[in-house]
Every structure is written in structure tokens, then in C-alpha cells.
Amino acid sequence: MSDTSFTGRLRSFADSDLFYSFRRSKTTIIAAAALVLLFVTAVFAPQIAPHNPFDIAGLNLLDSELPPSWMEGGNPAYWLGTDTQARDVVSSIFYGLRISLFVGFASVLLAAVLGVFLGLVGGFVSGFVDAIIMRVADVLLSFPAILVALLINGVMRGILPANQHEGAAIVVLVLAIGLTNWVQYARTVRGSTLVERQREYVQAARTIGVGRLRIMLTHILPNVLGPVLVIATINLGMAVLTEATLSFLGVGMPPTQPSLGTLIRVGNEYLFSGIWWVVIFPSATLAVLVLAVNLIGDWLRDALNPKLR
Amino acid sequence: MLVFLVRRLLQAVMVMLAVAFIAFLMFRYLGDPVNNIVSQDATQEQREEVRKRLRLDDPLILQYGRFVVNAAQGDFGVSYRNSRPVSALLAERFPATAELVLVAAILSLALGIPLGIYTALKPRGVLSQGLQILSLVGISLPTFVTGILLILVFSVWLGWLPSFGRGDVIDIGWWWTGFLTATGLKALILPSFMLCLFQLTLIMRLVRAEMLEVLRADYIKFARARGLRNRTIHFRHALKNTLIPVVTIFGLQLGGLIAFAIITETVFQWPGMGALFIQAVNFTDVPVMAAYLVMVSLLFVIINTSVDLLYNVIDPRLRTDQTRATGRGA
Amino acid sequence: MRKFLLAATAAALVQLGLVGAAGANTLRYASAGDIYGLDPHSMTDSFSINFLLHVYEPLVRYNKELKIEPALAVSWEVVKPDVIRYKLRQGVKFHDGSDFTADDVVMSLMRATDDKSPIKGNLPALKSAETVDDYTVDLHLSGPTPLLNNYLTNIAIFDAQWLEKNGAVKPVNAELGEEGYTTTHANGTGPFKLESRRPDAQTVLVANEAWWEKPEHNLTKVVHTPISSDATRVAALLSGEVDIITPSPLQDAKRIAGSPGTKVLESPGLRTIMMNFNMRDKLVDGNVEGNPFRDVRVRKAVYQAINMDLVRDKIMRGKSRNAGMQIAPEVPGFDEKLNRRFPYDPAAAKALLTEAGYPNGFQFNMNCPNDAYVNDEEVCQAMTAMLAQVGLNAKLVTEARTLHFKKAQEGQTDMFMIGWATLPMLDGFSVLSAMLHSPEDKLGTWNPGDYKNAKVDELTKKIDVELDEAKRRQMMIEAFGITEEEVAWLPLHQQPLSWAVRDNVEVVQTADDLLRLWYTRIK
Amino acid sequence: MALLEVENLKVEFPTRKGVLTAVDNVSFSVEQGEILGVVGESGAGKSMTGAAVIGLLEPPGRIGGGQIRLDGKRIDNLSPDEMRKVRGRHIGAIFQDPLTSLNPLFTVGKQLIETIRTHLPMPAAEARKRAIEWLAEVGIPAPDRRIDQYPHQFSGGMRQRVVIALALCAEPRLIIADEPTTALDVSVQAQIIALLKRVCRERNAAAILVTHDMGVIAETADRVAVMYAGRLAEIGPVARVLQKPSHPYTAGLMGSIPRIGPRPDRLVQIEGSMPRLTDIPKGCAFNPRCPKAIAECHHLRPELRPVADGAAACLLYEGVTQ
């Protein structure tokens, strides 16, 4: 009888195949470490960041555009230098990461859940329902996230009283990115569901009276998780960047609270002008984030894939 | 097959109507076009006049109805910004985007599939691990940063490639093509590579995942048992089976390319529909935006339908079984 | 190391012929946006109109010092307070060879001020025009119009026969879905002729050998391409694909100056950036009763809380010029004494706030564009930080200009940023009539904050019809004095013009940020 | 000299919990034209033995010891390419599920012609003629029309016939059939078995028939080898082994087959189940379940001894008294 206490469960996890394949591949360990590090810095940003870039009263324009501390003209208080608004680059990355991680993961989750469910329903219950879902997908597919965001933003601003706009900004971002990205998941899952639906094990399950919903979730879903994971991990990077473009349109976070994406978008204007650190470090952070997520996605997909075990 | 096409056509019309309706709903939140038409020091009375002449104050439904009726006759109205009929603008711009997206798509397949196969056949190889990480870096850097870096290296430092524009184009009747001139081709290299980067990574990873799975299939084991050469097994038997799901994803991602073209065209000043759309958003040029969205939605329906048809061509199981073909294609 | 690398590429480029002499004297010019079309009467965008004034010509034009000088008209005299007689230049030919006569002027003026013409507002006072003889025209006005010539500098003169032949007598009105012959064809008298045009891709002009004036320029061909992305535009210059770019991003100035073969031209421009105060009864996004901005002490506190020297040195890299007035020195109505700003003094600002009853400040909305003016978003962010230091909590929103100006126009902001260059009339009256006069049919269109001062309204109406230039300027200075005392607006600075050229290009940079190629030479 | 000689074959699987031995020094040989049946519960190592002979062990499985000789030449230590030439040309294979053994996207003819031309250089036209002959040979009606059809257009039985054609078209002299009839219904099974016997007899080809179905073995095989937990329990002529099994495990197996006949006696059931590879008992692997187990069986591992006209690995035959 498996020991269901926490330590027991932990021990049984420790010697399971999953953990074994994790231990063996070096890249996955590094990726996991990087991801944990990024999460920790994001969650504990206020505690560990040397400065608070969002406290605009504390900014002193005199020390803007300082190079990283190890270069001449650098100030040791600002390890990686400061940006045009005299915000410490390191702290801005920590705070920016917080927003980008939340928006990124929340929107990918929303898109994945919505997409997978509609894909399953579409593929499983083909015919009329399937046609509607696919056509709604086509409609949504043609709208770039930018336009959907403006619509949701407009509606949200219309409903909520002025003082709640701050909080609403994040919700608008997640909804906008999520609602425009679910289509990829839906179509992929639909494709696989059409194939799986023919398989004997599904017909067998139906003959013994298993509910359609349970069949979809417990039988078909594990088999279609592979491509979904690939898309989800790749889309995370895209979601963070889309958030930056939306902020540019005034829909996202206010400029005084830049996300990681916004730091890159603003910094990009200065790529040529010599203050490269304003864009290179945030971009590097994003690159590490996306890399880590995708490598872990790969490992998870191979480890969980029922066929590969 | 005909029934399938007719049904898809009907659905396409519905999709376009829905897209146009949502587009009109949305334009109210994009800012007021009048601000851009009249000069900054125009009087309130002048603004009212423009609003009246553009019939902006009509109820939404009326504006939408008028748009649909005109669109049916191919008249998408005139752009507020450069006072030219939208249909002419789109006809001029479509070839630029089409050629860019086409080359990017081909590039992503030409690079994506072989790389996907290589990383699948030698999963543990150092090179394939490296390739995988490299491909990931390609999509984790924001596109506008990669674009600028490409320009910095290939135009400014090396001076090999132009940093902007589409080079010389030749008018072959109804289409402006950049394929037939040296400068046109040179101008195409950087933007198409930047555009294909995202698609390339996705195809590579999907081909790898599918190939790994196919290599475990019984018919592959049987093929090896028959002593067939590795090359035949990998590139004939395994590859064809791998490509079926990749076709779906590719068809789907083709749509993504069109949306992505917007950023690429702005960075490389590529005179395509994407750049036109961004100008329209900045200028709240309602006719251009509405026409662009309707056309893009038509494009998506066409792409999705052709992908489903392509499914039948590649997968003989469907082709020979007519009834299931229409079922599957719904 | 980078310096060496760039030098090497420049040398390499020459051998590659990428940079090589493309034709005798071809100038490749890249700007941020493309011209909207080829008909100068069908649009109000000042960049497009100026570009087209290389192909078409007005009766009078601005010279290098932005003073009015004769163009197609050689002289003018006041026959009656509301009738001005213009003597036209003789022997001038249009590009298609037909002669320039008085009929062309009358039809062009009537076309520009036609009821359906979008630029009707640029020539408000004209009632009708009448030919006296082949080379003399009388303009009948609705009243004395001291700024008539300023307006005429922007009205292009078409060839009457050419218009009739191509059915383009009526102006083209984009909003009504018309596309006229003049949108895609051009026939002017100007120094350059249109050779070819692919919208948003390339427009090519060639020198007009038969131009009536001896050309100061030595160009044979001009190739204009729009490049909207700043970084790409700079790259195009550095890689030698273009000879001149306007505007050139401020932050890249050091880099361009440092690269071999390129240099930067910078000077403060006419466009004055300023902030509007919402003086209506309630704040849009405030947390206090009523509207503190109605109290001049609060407005003065905001004024003195902002350190414009720091903004100039840090954000604008020392290139902007701080402004006390809402107009630049080149604009009539400017007065040196009035241009001195209230001193930056956070302590005084806090004292004023306490005196006005808001010891720990209050919350309000501040709306700025992020793609309209030089470093607009960065300036607003810096101001938000400075205001926070005196307890004023500005909730900053930055967005694209169409969204920003829509909100500003509809009074949905407490403070909003706007830039004003008084073009095309180039006169203080433009600010007084649009921004300081209380909203009243044609006046006060950019006064959503509802600032109202009877004396200023009275003075503005008098200035509109005062023909005596000295008296007109005195009244303008008096009006501006009042509005400054009352801190009706918060002027910030004149933003810098920044163009970048290859070393072999000599160009005249004028404060209105408009490139006049007939003064440009290639060494 | 026998066509195929397998000596002390050992197949190992290195896993993180130590090296597992799936086939533990098995020896047997197959003469020309002879059909050797290999039976045993699933997981006894039957398929693993077949896979080892044809060199298709799934990694990380590997041959840990012993030799496999075909026509006297060792084939267990060949380079991958040399082994590839053996497969198909000298050793044919037939797998269990006809549904998945054929590539769905290629016509049956294309797969046949491809295999023929890989091993027997001939022009395409002639290869096609040969392929049609093979389809006829395995009993496919209207072969010249059906050659251009796709696998999904054939029934289960028909597809297994195509698989057999594919396995034989390069004229191998040894066939390894791994559960060829398991996926088919009974009526089709009989046809496939008859086809297999006829083909082997006509070509004097040897065959190893791996199955858990005693009925198939009784009808088809000349000799039968019984495997238990990766070891060879007994081997001998099929008639004798079925009637008078020497090894207690074989007896148990035979007892559990329902017989058509007058006496409705109870079926003999063997208690417990076959041990997993990770926990094979010391001594004779069958001892915990063996009714005749004696003390020594728990720690002495029996050698394969000639018994009657075959051989068996059981302490009963090593003169060890009760």
C-alpha cells in the first residue's frame, strides 16, 4: 500500500521513472534551476531588489543612463547600470519579471485550457458543434492580439469606475493574449482527437458506458498532451512580448511600472546609441526564461508521453 | 468534395461578416479618425462637418450595413489617410506580403524539416542539443530586437544586404514581383529569415517529436526486419508519416506568419499589408482596417480549407474513403 | 574597436559599389513617414504639403530665415483693407509646358477654399479672387487679414487647363471616397518634377531644368523613401543606402557623429511642448473634492515642481531649449522678458500647495502620447517622478497619439501634453486663437481645460484684424503676459530638430523642421 | 550441420536497478525445413529470443553472451550494416499485428518491390512481376489489381498474407514468426498456419514459430521448446512433448488446455504466476510453483539434460533422488 503521507509520496516520487529521467539529463536540471531562480527573484522582488524602481518619487534623474558598475563611469550602487529614467536595471528586471511571468503564465494557461477543451469537444463531437468552434477560431485568428486587447480594454474601462483601472490592466492583458492564442491549441488537439476517437480503446470505453466527458479527459487528453506542451512552451515567450506591444498601445501596465517586455521594447530604441545594457540584460533574462521553460517542456513531454515510457 | 467546398465557402462568408462586425465594434475604441483628417487647429465646426460627411455619427449597424453592401461589390471605400481606394491599396500591398510570407514559409520548411529529422535521428548528439537550444534562442529574443541585430550586422557592419525596402520590383500585369530583380532578392533575405525564425523553431520541434514517435511504429520495425537501408526507412517510410501532423501545424502557423509579418514589415519598411495595417491603426483609418481584417479572415479560411484538403491528398486512408473525407474535413 | 570596424566597412562599401555614385547628383532622402498623396489641397499634413511644395509653388514662400519672400507673385499691395492686389511673375512655365497666368491663381485659390476642400481652414479669410489682367490678381477678403501671406505660403498653385482637362477642378476629398486624378499625378511650376511614385515605398523627383529661378541646389534626382522604424532609418544612413534622414533619433546622435562619413544637424525647433490644465469643475481621476487646478497657486506649484534644466540636460541630452512662453523666439508675438520661467523650487511649490489647502498634494490623471513628440513618454515619466517629490500623485497614462488626442479633445484628462508649432501661419495668434481664447465656434478649439479670461478673449479678437504690425505684436505680448501670470498652460521646452546627413551633403536646417531641397547641395 | 545454431544465448537489459537477464543461456538448433515452436507464458523471453536471432533487440537490450550461428557463420557479432544484409535476405520476420505492420501510406506493391530490389538486383518491371507472383503465392485474389491498393483496403487476414509475402519475397532461408496468428480470428488463423507450413516445406525453409497458443504449435511445429522466466525448460518432438511432457511445468501447461473428449475432468491449474525478471528465485526458476519440487530445487539450478527423445532442465533427471 503506497505510503500516502507527504514524505512517503516524496520518496515514491524520488525513485519514480520521472525523477530518474530528470536526474540524468543535465540540461533539464540547469533549466529547472534557472526557472526556480527566476520565480524566486520575481516573488521576492521587493525584498531582494537593491532599489524600488516603481517608487517614482525616489528616482533622481541625475544618475540616469549610468553604465554597469564594472565599467568606467559605473556606480557600484547600480550593478548593471540605470536606464533613461534612472531606474536601476537589475531591480527593474526583478519587478518587470513579476508582471511578465504572471501575465505570461496566466495567459498561456487560459489559452491552453480553453483551446484544449474546445479542441477536444470539436474533435470528439464532430459535425455542427465542431464547425462552429472552428469557424469561431477562424474569426479570432484573423484579429491580432493588439486589436482584441483594445476592444477588451475599451469595454473594461467602460464598465469599471476610473480608480480601478490599475488592477484591471493585468486582467485585460491576460484576457487579450489568452483569447487570441487558444486557437492553436484547439486545432492541434482537434486533429489528434479525430485520430484517437477511431482507436479501439475509446470505443471500448464507450461500450462500458463511460461518460463522454470522462473519456475525453482521461483517455484522449494524455495522448494529445505532447504537441500541446510544445506549443505552450513556445507561446510563453510570445505572450510576454505581446504584453509589451500592448503596453505600448497604452493598454497594458502604466509606463511607470514597466514589465520585462516593456523594458525590452523601450530599451530597443537605445540599441544603437551605446547604452546597450538597457536592452541586452532584460532580453537576456527573457531568453533564459523562455529557454528554461522550453527545455523543461521537452523533458516533461518525453517523460510523460505514454508511448515513450 | 464539391459539397465540402460549398459548405466551407458559406462558412467563409459567415466568418467574414462576423469579423467585419467585430471590427466595426472595435473601431470606436481606437481613437477618433477626425483628429487625423483635420489639422490640429481645425475648429469644432470643421470637425463636426467632417464627422457628418463621413457619416461617423450614424448608428453602428448602419455603418456596418453600408460597409457590407459596398464590400460585396468589391468597394472597400477610400482610405482616410491617402485618399485612395482601399481595394487599390490592398492590391498594391498584397504581393509584397504574399512574397515575404511565401519565402518565409518555404524557408521554415526547408530548414525546419531537415533539422527536425536530424535532431530526431541523433537525439543525444551534441550538435542536435546545440541546434535545439539555438532554435529556442531564436524565438526567445523579441522579434524587433532580432530584426535590428540582423540589420546591424548584415547592413551596417558587413554592408552585404539592404537594411530596408523591397528593392526594385517589376510589374507583371496584376502583380508586383520582387523575385525577378537582384536588388529585390537581396532585400528579401533578411526580412524573410526574421519572419521564418518563429515558424522554423516550431516545425523543427514538431517534426522531431513526431519522428521520434513514428520511429517506434511496428511498420518501421518490420521495415528494418526486411533489411531495408536506413536511408529508405528514415526518409521514405518514417518521413511521410511524420509530415501529416506537421502539415496541420504548418497550415495553422501560416496564419501566424501573416500576423507576425506586421512586426517584420515595420522593422524592414517592407511595403506590405502589415505595414499598411499598422499605419491604419495609428491613423484610425477605418476603411483600411476593416478591409484588412476581412481579407485576412478570408485568407485564414482558405488556408485552413487547403490544409484539410491537403490532408486528403497525403493520407490515402482518407482519399479512398469518400464518406469519411467529408466527415473529417468539416 | 568599434570605430575601427566601422571605418573598415565604410571602405568596403565603396568597393562594393553599394554606396557608389548612383547617377550624377542623386540625393537619397529617408523620412519617418510617407506623403499622403500628390494633391497638396487634399490633406492638412504639413510634412506632405512641404514635400509637394518642391513640385508645386505658392504665391509667396518662407526663405532660409523663415521670412516671407516673393515666389510666383513678385509684389503685393493693399488696395483696400479687405482687397489685396498681387503682381505675378512672368515667363513661368508648368512642367507640361503650359504658361503660368492669373487664371491659374484664381482657380487654385477657389479650389483650395472650396466648401468641400479639407484645407479650407488654412485660408479662412479669402472670399473670392478676381483676375485684373494676365499677370495681376485681386484677393477679396472677409476683413483685414494681417496673416494673409502667412496662409498663402501653404496654398499650391495648379495649372487651370490641366485641372479642367483631367476633371480635377473640384478638390479631392478622401473622406467622401473620391480618388482624383491629382492624387496620383502632378503638374506644378516647382524646382522638381515628379518622375515616379509607389506609395509607402518610393517617390522619385527629377530637377526641373526650366525652373524660373536660378537653382542654388545642384541635385539632378531626389529619391524619397519612408522608413518608420528609427533604428532601421539610422542603419540605412550608416550603411550608405541613404544620404539624409529626418528626423534622426536624439539618443543616436553621438553614434552617428562618431561614425565616419556621417554628421548630425541639431537645433531647437518651432514646436513648443506644453501641458494643459483641466480647469473644469471636477477632476477626471482625482481623490479630492472639486478641482484644485482651478486655483492658480496649485498650477504655479506644479510649474515650480518641475526641474526643466534636468529634463533638458538628461532626457533631451542638452539639445532642447526651455520655454517660458508657448511660442518659439522666431514666432511674432515672442518677448524675451516673458520667456523667463518661474524658478524650479520644490519648497516653494510645497508651500503654495499647503497655502492652497492641499498640504500633502492630491491625485490626478496625466495623459501623454508615446509616438508624437521627441522623448514624449520619457519627459512625462520624469515629470511624474518630480511631482511625486512634492506630494502630487500624477497617474500617468501614455498611449498612441490617436488615442491620446481623442481623450484630450473630449476633456477626459486632468493634464495632457501637446506640441504646437503655430504652422502654417507662423504667428502668435495661432496659440491665442486655438488655446487661450475661451471655446467659441472657430476659437478655443484646443482649450478643453475651459481657461477663460475676458481681457484675453477681447485682445485675441482685436489682434485678428489689426493691420498695424507693431500694435498687433504689442497686444499679443500683453495677452501672453496675462496668461503667463495666471499659469493658463505649463510651457516646457522647444523640442530639438535632429537631422542626420552624409558628410558630402550641405543642407539648410530651418526651425520649422521642413527640408527645402532647393537650397541643398552635394559636394 | 543445422541451419541455425543458438548456443548459451544471454540477452540482458541494463536498468537503473541492475542488469536484468531476459534470456538466460538458452541453446537450441533448427534444421533446414524444420519448424521449431517456442511456447511459454508472456514475458518468458520467447519474443526476445526471436529478436536476438534477427538482431532487432530494442535498445538498451543487448546480447550478453553466447553465440548465434547461421549456416555455421556467427551472426551475433556482425556490424550493423552486415547484419542489415542478413535481415530479409537470409532471415525473414513476421510480426503479430497485421494492422500496424504495413506502412499505411505506401501501396502493398511498392513495399514488396522495394524489399525485393533491396536484396535481389533486378529491373523494376521484373520486380513487379515477382511481387504479383508472391501475392498470388500467399493467396491474395486478383493480385495484379490489388498490388496498387493500400494496406487499409485489405482485411486483417489478407494483410497478414501480405506480411508473409513481404517476409519471404527476398527468399530468406529462416523465418521468425512472432505470434503471427494472435491478432487474427480463429478461421483466418487456420488459413495462415496452413500457408506458413506450405511455404516452408516448398522452400525447405526453417521457421521459428513463437506463440502462447498450444493449438497452433500442435498443428504446425515439428519440435517445440518450452520457455519459463527466460530459461529453456524443455525441448523435444511436438507429439511426444504434448502427450508425455518431461518437465513438470510443461505438464502443467498441457493440463490447462481444455480437450474435446469424453472425460469432463477438472482443468489442472498451476498456482501463482511466473516471477518477474527482477525477482527470479534461486535454483530452478519454477520451484515455487512446481508440485514435484524437492529441497535441492530451491538452490540448485538444473542443467538441460537429454531426456527421452528431447531434453529438459529439471533435477528429476539429474539422478537426484527424492
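Should a chain be cited, it is by its letter among A, B, C and D, assigned in written order, with residues numbered from 1 in that chain.
Just so it is clear, contacts are C-beta pairs under 8 Å (C-beta built on N, C-alpha and C of every residue); 3 or more make two chains touch, one makes a residue touch a chain.
None of these values were measured; they are calculated from a predicted model.
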Any chance you could name the chains that touch chain A and chain C both?
B
Top chain pair, ranked by number of contacting C-beta pairs:
B-C
Taking CA centroids for every chain, report which one is farthest away from chain D.
C
Of all chains shown, the one whose Cα mean is least distant from the combined Cα mean is B
Report the inter-centroid distance (CA atoms only) between chain B and chain C in whole Å.
38
Chain B and chain D, separation of their C-alpha mean positions in angstrom
54
Inter-chain centre distance, chain A versus chain D - centres from mean C-alpha coordinates, in Å
52
Using Cα averages as centroids, what's the distance between chain A and chain B in whole Å?
23
Within chain A, the set of residues that touch 2 or more other chains is 268, 271-272
Which residues does chain B have that touch at least 2 chains other than itself?
30, 148, 152, 281
Specify, in ascending order, the residues of chain C that touch 2 or more different other chains.
231, 235, 400, 403
Every chain pair meeting the contact rule
A-B, A-C, B-C, B-D
Which bits of chain A are touching chain B when the two form their complex?
27, 126-127, 130-131, 134-135, 138-139, 141-144, 146-147, 150-151, 153-155, 183-184, 187-188, 191-192, 194, 226-227, 230-231, 234, 237-238, 241, 244, 261, 264-265, 268, 271-272, 279, 283, 286-291, 294-295, 298, 301-302, 305, 307-308
Quick one: in the complex, what on chain C touches chain A?
230-231, 234-235, 249, 251-255, 284-285, 287, 307, 310-311, 314-315, 365, 370, 377-378, 380-382, 384-386, 388-389, 395-400, 403-404
Taking the touch rule as given, give the residues of chain C at its contact with chain B in the complex, in rising order.
5-6, 9, 12-13, 16, 18, 30, 34, 36-37, 39, 42-44, 46, 118-122, 172-180, 183-184, 198-202, 225-229, 231-233, 235-236, 238-241, 371, 400-403, 405-406, 409, 420, 430, 433-434, 439, 441-443, 445-446
Looking at the complex, which residues from chain D come into contact with chain B?
54, 56, 84-89, 92-93, 95, 97, 100-106, 114-115, 118-119, 150, 152-153, 163, 166-167, 170
In their shared complex, at which residues does chain A touch chain C?
56-57, 59, 61-62, 64-65, 84-85, 162-163, 166, 248-251, 254-256, 266, 268-275
